[in-house]
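Just below sit the structures, each encoded as structure tokens.
The same subunit A turns up in both complexes below, where it pairs with subunit B and then with subunit C.
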Partner chain A sequence: MLQSILSGDLPRSRVLSVALIAILIALALGPFLFPGTRAFATLGMICVFIIVVAAYDLMLGYTHIVSFAHTMFFGIGAYGVALGIGHFGSGFGAIFIGILGALLLSAALALLLGLLSLRVKAIFFALVTLAVAFAFLSVVTQMYHITGGEDGLRVRVPRELGPAFRPLDSVTGFDLFGFLGVLFTQPWNLVDGFRDAFFTVRFTGRTLMYYALFLFAGVIFLFLLRLVNSPFGRVLQAIRENEFRAQALGYRTVFYRTAVVILSALLTTFAGALFALFNRYVNPENTLNFELMIFILLMCVLGGMGTLYGAIIGAVVFVVAQNYLQDVLGALSEAVNVGGFVGSLIEPSHWLLWFGLLFVASVYFFPSGIVGQLRIWARRREMRQTVAEHQTESSAKERLT
Partner chain B sequence: MSQANPSVGQWALWRDRLLKLQSDKPHLVLLGLMLFLAFLAMDPATWFVLTISGMAMGTMLFLMASGMTLTFGLMSVLNLAHGAFISLGAFVGAVMLTGALGVYTVSPSLGWNLLAILPALFAAMAVAGVVGWLFEVIVIKPVYGDHLKQILVTVGGSIVLIQLIEVTWGANEIPVPRPGALRGAFVIEDWVPLIGGLVMEKFRMVALILGLTVYGLMLWVIDRTRLGILVRAGVENREMVEIQGYRIGLLFLGVFIAGSALAGLGGAMWGMYREIITAHMGEELMISVIVIIILGGLGSIRGCFYGALLVGLINLYIGYIEPRLAAVATVGLMVGVLMWRPQGLIPVIKV
Partner chain C sequence: MADQQAVLETRSLTIQFGGHVAVDEVSCAFQAGTLTTIIGPNGAGKTTWFNLISGQLTPSSGQVLLAGEDISNLSTEARTDKGLGRAFQLTNLFPNLSALENVRLAVASSYRIGHIFWQRASLRRDIEDRARHYLDFVRLGHRADTPVSYLPHGDQRKLEVALLMALEPHVFMFDEPTAGMSVDEVPVILDLIANLKKQDDKLILLVEHKMDVVRSLSDRIVVLHHGQLVADGEPAEIIASPVVQEAYLGTSAGAPTEEASA
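So, the complex of A and B:
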């Protein structure tokens, strides 16, 4: 059962399995475990980025196509929905039209990029996509009468997905971290802490939207897992390892590469559309920025290229760090309280500095990312166990004879 | 009939010459075509001013792009952190201009100005060069030969460098004073035919002259000196140079430092040109730099120069006709050239 859901690609590491189950539970029950709008936004962004990063990993990790145009497709999806709703009113029909238009545009652009990659070699492709993405960003920023320019667009979602819609009133949630905080800091107040940890969840249309997002993220992730473990996925990995040899075996690598670029673009466009519906506000900075592209790259590499589970781990680690590392640094700089250069190094606004260092270090020391490293450790332990078993077996045999 | 034949022959001769020119000197054809089309699209006086300004912008971009194209050509290292060195140079230059040498900067006399400008430019080059040296040894050396890792590591390194710039000089925009003597514009005397009475911005002329000087110097080094021969040979075939007993690693390190220093110089000039700088300016300029090195053909100094001129010119021409399309036109130019010549205008290496 589990084998067929995960397409036979199990986590293959005990730590990883535990982490994935914890993440699954946290995301599934998220709105009932973590109170506050910030936690809610974090949960939603994790789901969005799981789709985006998994789709990016299909290109980067499984086929070794380095593209910097991923945010362009994300932005097309987000703006597609925003413009669809802006023109046809807040209905599901408008959303559908917006998504459809965005998907068509993305497919056309991805096809063009894919065909361009016939003319130029791998390293050129990365640079060309970078330039194309920048041109797209500049167009969106300049066409302010359509896209709102730097100010962006508000997305007036249908009532069923907005905060005014209340299908259920007063659902009770349990503040997990609040309770754990009490448990560790003042265990004598455990009973009070336990009682205080219960809070009322406002189950609104936004919560519905979150669950739609969660569901889509899950389905797309399982679909991609199925894909990379299919014959199609094997060919992609063959192209990654040695394109020339894959060609020699009779695979039309051009077709496969173009197909991957298009598929990845379409999934990312869809993720962008979901993001627009969840965030209800799109602008160039949150959908098209080059910095966002780098974040996607960071998530993909940190989680582990070529392992789809890496997309989940990477998205969770990065989004949580993005939202909460600033708090940690803020607390640290208050505690240390040194001025000058050292002081400003640990200022909360410079969290990206530490993340960048972490990233460079991880490329050097853990090139296969968190998931890859966990799997390596798991395999080593397994090997050690089998060796030990073998030894005990053989020594037992010796004693018998 | 007897009259038509020679003219047909002549026409065919010209066509052959044109085709040969097109395949031998595509950069000149493209440059000429662009100048000609722009000349048709606007009045001569505007065209002249835009052309000079575009060339000034192009030479500044050339300073920034030349280092990156050589690093790629020589060691096939793709340094995406190059933009951070541009920002670094701009900030060091700005600090020199406003800090201790601020008195000289505001003075309207060129002599005193030079006392501020020259140290500022040298400091920008020196700091960018030293940081480039450290960057090469610490960050890039371990990932020679692996393009994917180079992209990842230099992107990470770029984040760290830009954050360090923000830590040192703050995250806000910093205004850069343009030296007194270089402010404003001068008017071309009326007696000059055709272009008399035109107003030229002084700083652009200085940038143009400096850029052309650096280009000339680089051509001299590359074409006429022993170092240049080694660099060219290394670009063409690295192993062969190593077999001859030269330490290509050291050579590459030198080129990398020089490239970073030039990026710093370009950044400092750009800062004075724009009169406002941010830590992220290098990242924005990287797009132009990337387009330039792709246009010119990776590893080629001449191609880089012509690519920079083309990008500078198309930016100003299109910016004059329809400002919103400047970036699209730049990228469109690149895509078009890639379709025509996938190796770039003056290819040196086969990627």
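So, the complex of A and C:
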């Protein structure tokens, strides 16, 4: 059962399995476990980035196609929905038209890029995607009357997905981290802490939107897992390993590369559309920026390229760090309270510096990413066990003879 | 021989690298059900000729014909599709995939299912069974799950052969399949090739230096020297001919290679 849901590609590491189950629970029950708008936004962004990073990994990790145009497709999806709603009003039909138009545009652009990738060397392809992404960004920024320029567009989502819609009243949640905080810092107040941890969840249309996002992320992830473990996925890995030999085996690598670039673009476009509906505001900075592209790349590498589970781990670690590392630094700088250079180093706004250091350290120590490393450890452990079993077995035999 | 239509033919096939003519006007036709060995000293152009036939290189002039059809302008993939299979002299595999996965890629190609991304379990088992069958064929069954980069050189050579077998082509091209194998591994591969020969519709081309092997296995020997076809005929006749003694055996006796000593 689990085998077939995960397409036979199990986590293959106990730590990883536990982490994935914890993440699944946290995302599934998130709105009932973590109060506050920031926690809610964090949950949503994790789901968005799981799709985006998994789709990117399909190209980067599984096929070794380096593209910097991923945010362009994300932006096309986000702006597609924003423009659709802007033109046709806040209905599901408008959303549908927006997404459809965005998917068509993305497919056409991805086809052109995919065909180009066959003609040119990998590094040149990467540069071309970079140039195309920049061109797209500047076009969007300049077409002020349509796209709102730097200011972007507000997305007036249908009432059912907005904060005014209240399908459920007075749902109770349990503030997990609040309770754990009490448990560790003031265990003598446990009973009060437990009582205080209950809170009233504002269950609105936005919560519904979150769950739609969560479901899509789950389904798309499982679909990609199936894809990379199918004959098609194997050919992608063959192209990554040795394109020359893949051709000699009769595979038209042209077809596979193009298909992968298009598929990845379509999924990312769809993620962009979901993002627009969840965030209700799109601008160049949150959809098209080059910084965003770097973040996607970081998540992919950090989680582990060529392991789809890495997309989940990478997205969780990164988005949580993005949202909460500032708090940690803030608390730290308050506690230490030093001025000058050291003080400015632990200033909350410098969180990216610290994340960067963590990133460099993790890539240095775990070159195959978090998931890759966990699997290596699990493999070693297994090998040690079999060796040990072997030894006890043979020594038992010796005793018998 | 002439009355039967050739499965594979090269007509005045030529390729130049700069001023150097690596394959020079080679015309030769091969019939189904035969095994032809190509010999010649190092740098004679044997591998380059293979590359021209299987499409890794495009000729400067001349044609390659498969069952009468001119395939000179087809891509490697298209030629493989038409039944030309090729194993490489320098091991050329998918290093981070397991041995089984490597063979499975070849099987999936012969099934033409590479584009399928929603796989039925029955099909998966079928392909896996065939892949295991070919691994056992070259005595690598016990290495199925080992990534290729961890395999010793001899095993990689065997896997190279397994990949070609798993493709199930009409034309088999082996480029020094036993080079670098240990003495006890060589007969395994040669037996495989000898068995292939029993299938009447297959055509086998073999580049091989071990003369005792060549003599017993081949129906015909073609000698290349400086890119030119210098002799072509029955094994006994070719090996005895003074041209070969001088051009091939002469030079290889001078150069103490592992092949010469084997």
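Simple rule for what comes next: the second predicted complex is superposed on the first by the 401 of 401 C-alpha atoms of A that agree within 3 Å, B and C clash if a C-alpha of one lies under 4 Å from a C-alpha of the other, contacts with A are read in each partner's own complex, and residues count from 1 in each chain.
Rule of thumb we're sticking to: a residue touches a chain if its C-beta (ideal position, glycine included) is under 8 Å from a C-beta of that chain, and two chains touch if they have at least 3 such contacts.
Because the structure is a prediction, the values reported are computed rather than measured.
Novice: Of the partners subunit B and subunit C, which touch A:Tyr251 in the superposed model: first, second, both, neither?
Specialist: Once the two structures are laid over each other on A, A:Tyr251 reaches subunit C alone.
Novice: Let me test your reading of the model: by the given contact rule, A:Leu168 touches which partner, first (subunit B), second (subunit C), both or neither?
Specialist: Neither partner.
Novice: Just checking: does A:Leu297 make contact with subunit B only, subunit C only, both, or neither of them? Give me first, second, both or neither.
Specialist: Once the two structures are laid over each other on A, A:Leu297 reaches subunit B alone.
Novice: Who does A:Leu10 touch here: subunit B (first), subunit C (second), both, or neither?
Specialist: neither
Novice: Tell me which of subunit B and subunit C touches more residues of subunit A.
Specialist: B
Novice: Check whether A:Glu241 is in contact with subunit B, with subunit C, with both or with neither, and answer first, second, both or neither.
Specialist: second
Novice: State whether A:Leu227 touches subunit B only (first), subunit C only (second), both chains, or neither.
Specialist: Only subunit C; A:Leu227 stays clear of subunit B.
Novice: State whether A:Leu215 touches subunit B only (first), subunit C only (second), both chains, or neither.
Specialist: So A:Leu215 meets neither subunit B nor subunit C here.
Novice: Using the touch definition from the top, list the residues of subunit B that touch subunit A in their complex.
Specialist: 78, 139, 142-143, 147-149, 151-153, 155-157, 159-160, 163-164, 166-168, 171, 283, 287, 290-291, 293-294, 323-324, 326-328, 330-332, 334-335, 338-339, 342, 351
Novice: Can you name the residues of subunit A that touch subunit C in the complex?
Specialist: 4, 226-227, 230-235, 237-238, 241-242, 244-253, 255-256, 259
Novice: In their complex, what parts of subunit A are in touch with subunit B?
Specialist: Where subunit A meets subunit B, its residues are 64, 66, 116, 119-124, 126-128, 130-132, 134-135, 138-139, 142-143, 290, 294, 297-298, 301, 341, 344-345, 347, 349-350, 352-353, 355-357, 359-360, 363-364, 367.
Novice: Help me check something: in the complex, which residues belonging to subunit C touch subunit A?
Specialist: For this pair, the touching residues of subunit C are 54, 56, 75-77, 80-81, 86, 88, 92-97, 101, 104-106, 108-110, 113-119, 121, 127, 163, 167.
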